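Quick one: structure below, then a few questions.
Order of writing sets the labels: A, B, C and D. Residues in every chain begin at 1.
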Amino acid sequence: MKISLAKFSIWRTLCWASLVVGLAGHVVADDVVADSSVARDGGGENTADGANDAVWPRQWPRAWFEPVKTASQLGIKEFSQSPRLDSKDLPPVEQRLPTDPVVVTPLADIGRYGGTMRIDRNEWLTFPNVEGSLTISADMRTVLPNLAESWELSPDGRRLTMTLREGLKWSNGVPHTSDDYLFVFNDLWHNEEYEPVTRRIAQGGRAVKVSDRVFYYEFEDPNPQIVNYIAHYGNFMVLPKHYYQNFHPAYVDRETLNSKIADMGFISWVMFIEACRLQRIDESAEPPTLDAFQIVEYTPKRTRMVRNPYYFKIDPTGQQLPYIDAVVSQDIESKEVIAAMSATGQLDFSSYELKTQDIPLLKLGEQSGDIRVLIWNRLHSVDVAIEFNYNHEDKKLTSLYWERRFRIALSVALNREEMNQIIYFGRGTPRQVTAHPSSSMFVPEYATAYTEYDPDRARSLLDELGLKDVDGDGLREYPDGEPLTITLEFMDWETPKAITLELLSVYWREVGIDIRLKIVDMALQTARAHAGKMQMTGWHADRVTDIFLPQMVWWAPVHSGFDNTMWNDWVRWHRTDGQIGTEPPAVIRELQQWSDELYATVDPERRIELGKKLLESNARNLWTIGTVGLAPQPVVISSKLRGVPDQGIWGWDNRWTLSYHPSTWYFESGVASNEYE
Amino acid sequence: MTDNVLEIRDLAVEFKTDTGITHALRDVSFDVPRGKVTAVVGESGSGKSVTANCIMRIIQPPGKIVSGDMMFSPTRTDPYDIVSLDNKDPRLVDLRGDLISMVFQEPMTALSPVYTVGNQVAEAILCHRDVTEEEAWEEAADMLTRVGIDDVPRRIHQYPFEFSGGMRQRVVIAMALVCNPEVLICDEPTTALDVTIQAEILTLIRDLQQELSNSVLFITHDLGVVAQLADQVVVMYQGRVLEIGTVRQVLKEPLHPYTRGLLAAIPGIVPKGQRLETIASVVGDSDIETAYPLTRLKDGREVSLSPEALREIDNE
Amino acid sequence: MSELTIDTQIEAISPRQLAWIRFKRHRLAMVSGCFLILIYLVAGLCEFVTPYGTETRNVQAINAPPMSIHFVDNDGSFHLRPFVYGYDMHINDDTWMREYTENPEKRYPIYFLARGESYELWNLIESDLHLFTTRDGYIHLFGTDQLGRDVFSRVFYGARVSLSIGIVGVMLTLFFGVLIGGLAGYLGGLVDRAVQRVIEVLQSMPTLPLWMALSAALPVYWSPIAVYFGITIILSLFGWPALARQVRGRFLALREEDFVVSARLLGAGKMRIIFKHMLPSFTSHVIATATLAVPGMILGETALSFLGIGLRPPVVSWGVLMQQAQNYQVIVMTPWLLIPGLFVVLTVMAFNLLGDGLRDAVDPYSTGGQN
Amino acid sequence: MRSYVIKRLIGMVPTLLLISMIVFVVIQLPPGDIVTSTLDRLQAQGVEISAEQVQNLRAQYKLDKPMVLQYLYWIGNFVTGDMGYSYLYSRPVNELVWERLGYTLLISISALLFTWAVAVPAGMFSAVRQYSVGDYVLTTVMLVGLATPSFLLALVAMYAGYEWFGISIGGLFSPEYRDVPWSLARVGDFLSHLWIPMIVVGLGGTASTMRILRANLLDELNKPYVVTARAKGVPPIKLLIKYPLRIAINPFISTIGLLLPVLISGEAIVSIVLNLPTTGPALIQAIVNQDMYLAGSFLMLLAILTVVGMLLSDLLLAWADPRIRYE
């Protein structure tokens, strides 16, 4: 038992420990942000030395840490295409590829064309259609070029200039230009109908076109985080203007637009563009894409995608990517069925809806030889972070929340090691909510603060607060004798929340805190989170890597949403400069100020310093309580699927598979494909 | 060919129930003469209907024929013993409805409510004759007319619940006679009907019998009906035959005390002001309980009496 | 069932005695009745009957299979006191499965009426006496769930909730059904027509989708006990029409009976006539019908809880237990978590058989009464 | 007959109106509404929305109007075939419901047929061979079927289907047929998947149907008209079918209408377990996500389905039983 545990975590422990020590000063996101050229060269240097091989799985090609090379750099002159395209009435492949195509390094072997990948619809999130101007390196700290061949952030952090690659085309052959970025930034994000309140990252900004290939984002205040934002979120910042402008009031007169939208069965153009963009409607098959696959058929039950003939990436032998011809995603409504379908080889790639507890079943299915079960590692700091609603209308409750001793009591009441054994087969890590070990702001002590199991201490802390069991039912009441019960509402998505919280409620009841669980769905969670009605909720603590950490989801009241409803009033107060909401206590004001400064500073040292301060505050005060994190994530693939790394990091921060280049995944011979035409 | 179309000998039927074996028929023997009307009389439970059901071989479990034989001598086929027929014997199909047919007590329920009368009458023909549906319906219409139903072309398509009780019984009779059976068994056909209608039905049966010259086995408890209709009378009690004779013999000069009792219990014969006799008051139950074999007398009648009583009769 | 006891003092056979005699002939119904009495008894005393509480976890036995009871140990010697062997748990590195092997070293004898975990019976009587338990080690006759909780104990704690929902729900149904059906049948006319229409409408709606919609509308902050009653009320909301229809029919027939007419002529009030004269005359039918309605309630609760919109932890009901067992994994990996389902099946069957028996006993001519 | 049909059709109108009111109330019960769902989408992208904007949205969806008006809008549009807009799927409800409703209907009807195909012969056998071993075995099996929660049955059937018959898990098609146009092979594949939900949904109703039939038959078997027909010389099997069965079956032609809501309920939960593309899973999704128009349309259409089912069963009964027709 002990041995196996050790064996499994060697990689992880080594990885993060040495990374913090050895790499922290070397290749960090901040350098990249400050100067793109450094990152491009730096990445290359770094992966060359042996230390890196020890940190990251040996299997990963070092090219995954570097800026992509182009065909001319590697001297590739001959290009070829999938036989599927031979019969099509298309220009030759050389003309479809950009002037200097991007070369992607596969995991190991050069792949072969063909096959249809079957996935669950939600898996499309993780098997991404994510081509943005910038992208993330496999180390989750470095920003790399993608559609843009270079970028430059001005020293004051106010202007980001992007230079696109030459000859990029949408999947319908229409040239891809700066206008496609300007359309999103200026015409959507700064349109009052589309976004009544401009999102934080775009506030006081505009996009300006220099040429078809060059444009820049300019901001009133320093906004260096825009680079990280684009690296992570860039695919949402570019849309085919030539298609969407037909549905935008700036380009079509109102009456025509309204009647057109109404004819299509929509209430407003905003809803149409949103639904189309998020691929929820039949029309989602119409707009062209820059991604590896384009949708050709959309129904509420399934989506069919085929290769984009104008995709801009090739493999080292000059073959146009992707290798796989088509992807079919079906809407599997019953989540319970997905594990069974995965285990019986009915899906070629499946992970998003799988949980750690599913691993034995999947491993059993692996014996049939149809599938392989890879164990990746979730990047979530903890699988369930407990969120106190400090602004709840029940003032009695919030004043209790505000007691640090109360939060500490609740934290040490949790037997995290037992949770780890029961839910994670002992292969997770008991933790608090803090940065991911890969982060430059990670401090190990913050992760272990108040994680030791000490129910006696919890009881005495609660006693100190005057919470006593008056009526003898084993549960504590308020000092004035009123019953104390907390309702925890949560969505059972992604990480194993239901079982974790069931266990948590047992521990808390053991120290006398009455906690009630209620599973809710997205709409209800959102509604109640917005209204600040939830007394307590839980969400997995992602957004903890360097790319994402400055967004300040967990560390300070500057963001609220369905996933974070700890302090809505304080967030509002901060966002509106005190016009609405409530002024937070001084200690919270301080967090907001640090957060603002961290967001705006262009000084990498200062940023790390501020980040650590915020993390320390959380470790000391336990604004949120953590459970178990860095847990194993099953990834089920068809045994015929090649190019998927055996070990990977799983989560939203790195867009799940983005840096492992799904376009280079391929099917071994013998896979039938009837999906293409 | 014998004069009797049916000769029943020593027929015994038992019903096995939770409480033991009930002897429904014990050594029943009598003949049904050809072309005559034989009436079987007796009170409820005397075994009249069981006898009829035995002849049709439609006795339901737990009832069972345990012994005896019923020699059936139809004109159309060779004679055979009905009792000995196997359940799957093809002759059984001809027997039921073709050679022998039956009219039941309850005209209200003897017809299925979900089929038209035409359908149910024609079915009887279709079961036995190799004719087309149209021909069967024509024959059925013909028969319905003969049993006195008006406006047959319309009514043939109606359902039983659209008919009055008497009309329904006419339909049942039509159904029974449509194949021109050699024996017609009427199991209390008029009991459930109004008195006026009773008379009409009886007239109908008698007229048709004379017209078609079938043999009729007429089961009833009504001695008035017997007098009107029958040539020969069989008196039954508790599963036994007590007395057999011509209608004149039995009704005018009953030999068996039970028969006498039966006659005495008929209202109307009793002078005004006198109490109506019960059978038990005429003959003690114990007398009837004692079983004696049927003895054939000189005048051809048969009676089940103690040797003493028989001697007495002889002496007269 | 107290209605069915025979008063031997009465010489003439009352209708109830007659019914009891008829009922006794239904052997299956008798067996079912005994089973139900037993399981209600066990559910009522589940703190005593089960060795552990609902939240007691055994971390050494996560998803452990049921233990078998032994009399003969590994050396072949016989012990009068039955015992179980403790488990050795090992997580297989390849399959990630928890593999359990019986360890002959860990022999845990079973003691009856022994001291164990302390509890409060009905939140009143404090005790630690259990029907059976072990002194050292642990005993999981039905195995354990994913948190290492004893399935045996949870099944019977769950029985308390599920079975009481059946009874409480049927009581509510009865109340609504008899009241509404009775009024409609007695008053007739406009009221009757309106009730008829409502019954028709409610009966023509698929119940489960409506239950789903209503359960989803229960406020999240409701306490478990409030949710319990909420669910019960929702379940009975669509149960009463069938009963009301039947009651109405009986009322219509009874209304013309002599004793009712005479009561009316004597000037008795409507309510008095209904409750004093008419209701008692068909109590037994109502009881039989109510018995047949219980399974629907129990199945309804399991279905809603199974869908996650009924009861929820820490309340333990059969439906809540089944919710854990709702996926393919359970059948393949931990089939013993389906044991609560077995109890649902047995109980529902028992109620059906008992109801049939009762109905035959009180009304031998009704359809379906041939068993 | 015609006047009977017309009378029944007119009688449906108030029923349906009443149902629509109940449905409307039910879908209004859960907290939250469509505006919150819209907020969710905007918020997911880091957008916060102002109170005024919320008000505008509410006005846009007529949520600021009184309940009665909202109901009238809804039912008025519904009658004219406009079922509103699903926010969950971003599609007009019209486009979403029919295919699912079709599969629901298909499964329910095949379950009904299964119920009959099993219950009628089994009931006949049990009645004719009353108290035989076969009678007890059949009764027991049916009773177990009746007592087993349908989701449990579905789970076990899913497992058995995969382990023993190699039927792919989830859905109504094998993977290779899931996404191709209809063909004979696809129909075959569909049928090979249909039997699991068909049996699981149908089994619950089979037990009660069989028991009713058995009892009815036992009542009818000794009726005089059966003896008459027997005496007429009708062969045994034909006799059984044409006479007692024909009558015994009438009372439960009228129960088809009552069976339909039960089947649809069963279908909903079974489809959730088996992941079938029917109304059940979509309905629960719509309910928990407060997709009011979608949930309301499903509830309403299912109710209409059963009301029409009841009408049809009444008409069928009238056709089968002349006594009713001529009343």
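Everything below uses one rule, namely that a residue touches a chain if its C-beta (ideal position, glycine included) is under 8 Å from a C-beta of that chain, and two chains touch if they have at least 3 such contacts.
Model, not experiment: these values are computed from the prediction.
Trainee: Using the contact definition given at the top, which chains are in touch with both chain A and chain B?
Mentor: D
Trainee: Higher C-beta contact count, A-D or B-D?
Mentor: More contacting C-beta pairs are found at A-D.
Trainee: Which chain has its Cα centroid closest to the overall Cα centroid?
Mentor: That would be chain D.
Trainee: Compare the CA centroid of chain D with every other chain's and tell me the farthest one.
Mentor: B
Trainee: Starting from the mean Cα coordinates of chain A and chain D, work out the distance between those two points in Å.
Mentor: Those two chain centres are 41 Å apart.
Trainee: If you average the Cα atoms of chain B and of chain D to get two centres, how far apart are those centres in Å?
Mentor: 54
Trainee: How many angstrom between the C-alpha centroids of chain C and chain A?
Mentor: Here the centre of chain C sits 47 Å away from the centre of chain A.
Trainee: Let me have the rounded angstrom distance from the C-alpha centre of chain C over to the C-alpha centre of chain D, please.
Mentor: About 26 Å, centre to centre.
Trainee: Can you tell me which residues of chain C touch two or more of the remaining chains?
Mentor: Residues 326-328, 332 of chain C each touch two or more of the other chains.
Trainee: Identify all positions of chain A at which a residue touches two or more other chains, and write them in rising order.
Mentor: Correct list: 336-337, 340, 520, 524, 528.
Trainee: Using the touch rule from the top, collect the residues of chain D that touch chain B in their complex.
Mentor: Residues 222-225, 227-235, 242-243, 246-247, 250, 320-323, 326 of chain D touch chain B in their complex.
Trainee: Write out the stretch or stretches of chain C touching chain D in their complex.
Mentor: 197-198, 200-201, 203-210, 212-214, 216-217, 219, 295, 299, 302-303, 306-307, 309, 322, 325-328, 330-332, 338, 341, 344-349, 352-353, 367-371
Trainee: Quick check: in the complex, which residue numbers of chain D touch chain C?
Mentor: It is residues 14-15, 18-19, 22, 26-27, 29-31, 130, 139, 143-144, 146-152, 155-156, 158-159, 169, 211-212, 214-216, 218-219, 251, 257-258, 260-262, 264-266, 268-269, 272-273, 280, 283-284, 287-288, 295, 298-299, 302-303, 306-307, 310 of chain D that touch chain C.
Trainee: So in the complex, the part of chain A that touches chain D is made up of which residues?
Mentor: Those in contact with chain D are residues 118, 195-197, 199-201, 236, 265-268, 271, 274-275, 278, 280-282, 300-302, 304, 328, 330, 332-334, 336-337, 340-341, 344, 346, 520-524, 526-528, 530, 559, 561-562, 572, 575, 674-675.
Trainee: Which residues of chain C touch chain A in their complex?
Mentor: 55, 57, 59, 62, 90-91, 93-98, 123, 146-148, 220-221, 223-224, 308, 312-314, 326-329, 332-333
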